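The structures come next, written out as structure tokens.
Below, chain A partners chain B and then partners chain C, in two separate complexes.
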Partner chain A sequence: MSEFKQIGRSFSRTDGLDKVHGKQEYVNDYQPTGLLHAALKISTHAHAKIKSIDTAEAEAASGVQAVITGDDFPVTLGLYMGDHPPLALHKVRHYGEPVAAVIANTEHQAKNAVELIKVKYEDLEVISSPTDGLKANAPLLHENMDEYTHIDAVHPEPGSNVANHTKIRKGEAAQAIADAEIVIEDTFSFPPCDHVAMETRAVISEIKANGNVVIHSTTQAPFTVKELLSFNFDIPVGKIKIIAPPIGGGFGGKAGIQLEGLGYLLTKAADGRPVKLVNDREEDMLSSPGHIGMEAKVRLGATADGKLIAAELDYHFDAGAYADYAVNVSNAAAISCTGPYDIPNVRCDSLCVYTNHPFATAFRGFGHVELAFPIERSMDLLAEKAGIDPVEIRMKNAIKEGDTSPTQSLMDANTGDLRECIKRAAKMINWDQGSFIKKDENKVIAKGFGLLWKSPAMPPNTGAGAIITFNKDGSLNLHTGIMEIGQGSKTGLAQIVAERFGTSPENIHLVQEVNTETAPHDWSTAASRSLMMAGRAALEAADDAIDQICRTAAIPLRCPPEDLIVEGGRVFLEDEPSIGLPLDDVVHGYVYENGNAIEGQVIGRGNYIARRLSGIDPETGKGRPSLEYTLGAQAVEIELDLNDYSYQIKKAVSCMDVGKVINPNLARGQVVGAISMGIGLARSEGFVFNSREQVVNGVLRDYKVLRYGEEPEYEIDFVETPQGDGPFGLRGLGEQGIIGIPGAIANALSRATGVKLNYIPLLPEDIWQSVKEASHNDSI
Partner chain B sequence: MKAYENISLVKLKVNGETRDVAIRPADTLLRVLREKLGLTAAKPGCENGDCGACTVLINEKPVKSCMKLAVEVDAGAEIITLEGIKNSIIQETFLEEDGFQCGYCTPGFLVNAYALLKEHPDADDKLAKEWLESNICRCTGYEGIRNALKLAQEKLK
Partner chain C sequence: MIPFNFKYYRPANIEEAVELYQQLKADGEKSIYYAGGTEIVTNARDGQKKYDALIDLKDINECLEHGEKNDEYVFGACLTLNEIVEKDYFPLFSLACRPVADHTTRNQLTMGGNICGKLPYREVILPLMLVEANFVFAGPEGMRTVAAAEAYDKRMLLNEGEFLVQVKVPKKFAELDYHDVRKVKQSEVDYPLLHLAALKDEADQIRIAFSSICAFPFRLEDIEAIFNDSQLEMEEKVEQIVAKFPIPIKDDKRGSADYRRLLLGQSLAEIWHKLGGDA
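Right after this comes the complex of A and B.
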């Protein structure tokens, strides 16, 4: 029997009824009066000088209010590094980059006028990969890198295309590799791709008569947006209001600053009138940021019996044209560079390299899904070379309490039980029944394993807040800065507060929309931190409110406040429950019969700030940047057709240690959804570029995502080793399910074909090619 | 190319009500529903026929409303959007089985699944795939949607 009433229960989502009746409103559903519409002219070149932009005809077109280009507002914005003009300035750096914008009375007028803008380009040499960008004679994408403002934690290398370089130096990696009995070395890669949130990004911006800037945005990070707008445009931060209704999928893609800077310029050009800008799908994939690409070189050293002793890791990220979140993705990948393995000697150089690709931002898994692909493939290669079973070698090296992370911080008592996760995942996938089974002449069944770990990559002073107010009937309103992005955190928060109040989550009213003017400050709904951090804040707010309730009630009840408890909508003496008051008599102040009133309304406040975190040393990476680590193990079973190398992912399993499951159905939904995105990355998702670095699959007809009926059977399990500082012992779980999957699929397909497949996406024609090349090489 | 601009007045029968609406010939049904009639349940996800977020019913058949010009809709044809479907079994089972997360694909999926259940209440996996693979959901990994469909089929028996 559980000690909890609301925690660990699959309470249904607080936003459910609206969502299944089409009543949930998203930014693009709003049509304020007086609304103008904007449309973008985007670049057809990946790298070119802008010779001229002729806007005369567009300006004269019917319904047009204004046409703006980069020259009108020569500013550069950025999340961590100010390298990004909202409209291209003098040159374009990626295919799809916005070069001009039209504001008109209607959207079709704006779009028609865009067609009338004439841009003359002069092609420049393109950078098509990190390798390309790191060549000594590579063209410089950002000649003025040294002039860009950036935060201290980012280390750009002006005069090169390196936007950030993170170093990890733990022990003596080179020496340990030289001493190792078994060494494997290989390279791995994947191209940039896209989040494909079903809702494309949108913004409605307006400047009020008093200069206040009001922006409705599809954002995961309304407060970050507000602060960056203030910083970049020199607007007092209090004069900016971001309104963020629930969003139609984020996956990291809406975590930075996106269209809001441009949105501000649009309304500015239109005399402050409200202007709506909505990405079409192609713009959302190409003009707005996507998932980072990577080229990795891994060298692992181990003892003869497969115990890891060293890793040398070179992670070269394809940031695309602008730094955005990519500089922190590469940083996060360095911080967690080894994956969840205990390795005493580590060198990692993680470079974030500019290329002429659409730029990258946060993506579910943030650095960890990227590093996990080369690492998990390498673990299988090591297992093969050592002649040890892939599950056994993971078991042997899995990180545990008392080990140290690549940043040399101690894995403390809150470290999850990774070995238990591995055991359960192996059982779910029936590993002991064989990982390679020849079904018949044409079909092979193979299994692959992948471990995961993830910590939130966030500033060390990240905090969250919660406010609880009351309605006359004693029900609660919970205000936080957490965004509803589909993950259901608000439902989880309601359960946490309901547990404390001994009431049902139905009595907790949630403010679904975040308004930065009224919500408590919150860093960002990202990094799978919401339930942990805002959960802590909500618990504190609940306790604060309960204190106030007891204090007020103690006066008419004539008892010490500490003898009172709150439960079931009442405050009463714990040892004599019949003596008490309904909450509605207390929460707005107690009123005596003669009208005298005391104490006033209850307002609960709570906050939480990450504890004892630090940045990392720029030379060694030493530090304590990680709030917590969620650990887990995943595996897949695939069936490959040897005739054409088409395959199906039959089963995907996952077990992770999340500390405490607050809502089992929602937790499962997060993991399953994340796995399906991991399958997408491994199976089909990647931008295809032509020789001029134009994206040739920038629409959903050509860019293949997982469809209904292609999903595997999912089997999900959780281990609950409590996180001491997490509310009810929980830790993050929203992103994690993606992390081990690409490696697991590549491992399974490598096993099935007998050929090293060190890249994703694994399209059947590419597998065929790899098999052909391998057999060709063998025959030489 | 010059788009034909003249505004014309048409009658559309939506969710049981006949509405007069002034449209441009190039306006898609999706845009008319959302921007002229305030029925925003159907969503633009691609406006290119690839994602199904815009699905509505025309005479009980699911149609991608981004691919249909409003002027093309036959006079008197019954258009049903998610706003016109209330408390159906499939909505109930979407709630029970977590057939959604962010909810953006949900109106399209629900309308499509609703029509499927009407026309083929016993649809097997293959047929369900044929119908529903035209819609993309990025959040759920389809597990909740599949379970919701199955549960609805059971409840309808």
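Right after this comes the complex of A and C.
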């Protein structure tokens, strides 16, 4: 029998019915009076000087209110670094970059006029990869990098294409590698790609007569947007209101500042009238940011029996044209650079390099899915060289309480039980029945393993808030700054508050839309931190409300408030439950028979701020940046056709230590969704560029995400080692399921083919090429 | 959103449709016959196609006919691929229709649209090339029925102002052994790297039609002669067949010519194996 009544139960998502009935209103569903529509002219070149933009014909077109170009608003914006003009200024740096915008009475007129804008370009030399961008004679994408404002935690290197360089120096890595009995070294890579959230980004912006700025946005971070607009456009922050209805998928892609800066300029150009800008699918993939690419070099040193002693890691990230979140992705990847392994000597240089690719922002897994690919492949290579089973070598090196992280911070008593996760994942995938099985002449079955860890990458002073108000029937309204992005955090928050109130989650009404004017401040619905941080705040708000309820009730009940408890919609004496009051008699003040009233309405207030976190030392990486680490183990089983190298992923398993499962169905849903995204990355997702760095597969006809029917069988399990400071012991689980999957799939396919496959996506033709090359090399 | 304005017509019969086209042409307007619209709409949306008018054929009874007449199956050009798959008069035809796009899109995609469209794949025509199908065209000169060999060469041989009304398939072909091989880059819901349809005729000769391996679908007697030559080893056959291809094997972002060549060899061997070429 569970000690909890509401925690650990699978309540349906509070946002679910409206969504499946098509009743959820998204940003694009809003049609304010006097609405104008904008459309973008986007670049067909990846790197070029803008020689001229002829807007005359577009301006004269029917219904057009204004046409703007970069020259009209020569500003640069940014999330961490101010390097990004909302409309290209003098040159374009990636294919799909917006160069001009038309504002017209209808969307149709705006799109029609965009076709009439004529842009002349002069091609510049392109940077096609981090390697390319790091060459001594590479063209500089941002000549004025030294003039850009940036936050302290980012370390750009002006005069190069390096937007950030994070260093980790723990122990003596080079020496330890030299001393190691076994050393493996290899390179790994993957291209940039896209989130492909179902809802494309959209913004409606308006400037009111009093100068107030009102923006409806598809954002995961309404407060970040508000603060960056204030900073960049010098608008008093209180005069900006962001309204953020639930969004149709974020995955990190809506976590920073996206279209809102341009949106503000659009309404400014239209005398403050409301202007709507909605990305079409192709713009969402190419003009707005996506997933970062990477080139990695890994060197691992171990003892003869496979105990890791050193890692030398060079992570070169393909940021694309602008820094956005990419600088912090490269930073997060350095902080967690080793994956969940105990390695005493570590050197990591994580570089965020500008290229002429569509730029990168946050993406599910934030630095961790990226680092896990080279690390998990390397662990298999090490296992092979050491002659040790891949699961056993992971078990041997798995991080545990008392070890230190790459930033030299102690893995404390809240460290999850990774070995238990490995054990359960191995059992679910039937590892002991063999990881390579020849099914028949043409088919092999192979299995692959991948571990994961993740901590939130967020400022050390990140907080969350919660407010509880009451309805006349005694039911609660929970206000937070957490966004509903499809992840179901709000349902979990309702369960947390319901548990504390001894009531059903149905009695907790959730404010789904976030309005920055009324919601408590929140950093961003990102980093898988919502349930932990807002959960703590909500618990404090619940306790605060309960205190007030007991205080009010104690007066007519003529008892000490501390003898009262709240449960089942009543407040009553704990030791004599028949003496009590229904909550609706208390939460708006108690009223005596003669009309006298006391105390007034209850407003619960709670907040939480991360404890004892710090930034990291710029030279050594030493510090404590991580709120908590979720640990886990994942594995896949694939079946490969040895003729054409097509394959199917038959089964995917995952076991994570999440501290406490609040809602089993939603937790499973998050993990399954994350795994399917990981399969997408491993199997097919990646931009393909031609020699001019134009994206040749920037449409969903050519860019393939995983479809229903291509899903494997999933088996999901959780270990519950409590997070001492998490509400009911929980830690984050939203992103984590993606992290180990690309490595696990590449490991399985490498095992199936007997060839090192150190890249994703793994397309059958590419596997065939790799096998051909390997046999060619062997024969030399 | 389609950024330009256009007229939309939905004629009730063949004559009206044909006349409309002529009238619009006389008025200097560019019109297109329209069926499922998946290709026209997506191309218009991304600016690859522009037109003044669409003439939707989906109200024309003959274009929606789906049944048996004497010794033939009749397939109206505006039948959706799902309708053809679900009725399944001719299993090899269903096999060719089923993998095109996804199920939702196949509620919209039409047989005629797939065959007459501009995309290079046109997989639905493969079985029709194998079975001596008859194509019924309508145009300013009236109706005409054309044998497959004359109706298609690299593309449907429609005259200006003509459209495909129906296809008629002799029933006897539905009884024959067949095999269909389709290879993709990765996702099943994608244009193929190659798609082959094969059928063993009454004289025990295997007929093969090819899609996606080159820039247009084709069937060649020379190729079938090589394929049915029991003196040749499979590798020799493939070698000689490739040499007979009307144009070189396609090399594009979906797959290299080398990989397609590999898949072709495997697919031909599979057809030979399945249809018992030796027997």
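Methods note: the second predicted complex is superposed on the first by the 780 of 780 C-alpha atoms of A that agree within 3 Å, B and C clash if a C-alpha of one lies under 4 Å from a C-alpha of the other, contacts with A are read in each partner's own complex, and residues count from 1 in each chain.
One rule holds for everything that comes next: a contact is a pair of C-beta atoms (placed from the backbone, for glycine too) under 8 Å apart; a residue touches a chain by one contact, two chains touch by 3 or more.
As the structure is a prediction and not an experimental result, all values here were calculated from the model.
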Kindly classify A:R707 by the partners it touches after superposition: chain B alone (first), chain C alone (second), both, or neither? both
Does the superposition put A:V688 against chain B (first), chain C (second), both, or neither? second
Is A:W768 contacted by the first partner chain B, the second partner chain C, both or neither? second
When the two structures are overlaid on chain A, which partner does A:L17 contact: first (chain B), second (chain C), both, or neither? first
Mind working out whether A:F251 is in touch with chain B, chain C, both or neither, as first, second, both or neither? first
Does the superposition put A:H108 against chain B (first), chain C (second), both, or neither? both
Examine A:I485 and indicate which partner it touches, taking first as chain B and second as chain C; both and neither are also allowed. first
Does chain A have more residues touched by chain B or by chain C? B
Determine, under the contact definition given at the top, whether A:G673 touches first (chain B), second (chain C), both, or neither. first
Mind sorting out which residues of chain A both chain B and chain C touch, each in its own complex? 108, 112, 280, 699, 701, 707, 709-710
What residues of chain A sit close enough to touch chain C in their complex? 107-108, 111-112, 114-115, 280, 282, 643-644, 646, 683-684, 688, 696-697, 699, 701-702, 704, 707, 709-710, 761, 763-765, 768-769
Can you name the residues of chain A that touch chain B in the complex? 12-13, 15-26, 28-29, 31, 108, 112, 195-200, 246-251, 278, 280-281, 485-488, 665-666, 668-669, 672-677, 699-701, 705-711, 714
Listed in rising order, the residues of chain B that touch chain A in the complex are 3, 24, 26, 34-35, 39-51, 53, 81-83, 86, 91, 94-96, 98-107, 110, 125, 128-129, 132-133, 135-146
Applying the document's contact rule, which stretches of chain C touch chain A when the two form their complex? 1, 3-4, 42, 46-47, 102, 183-191, 253, 255-256, 259, 262-263, 266
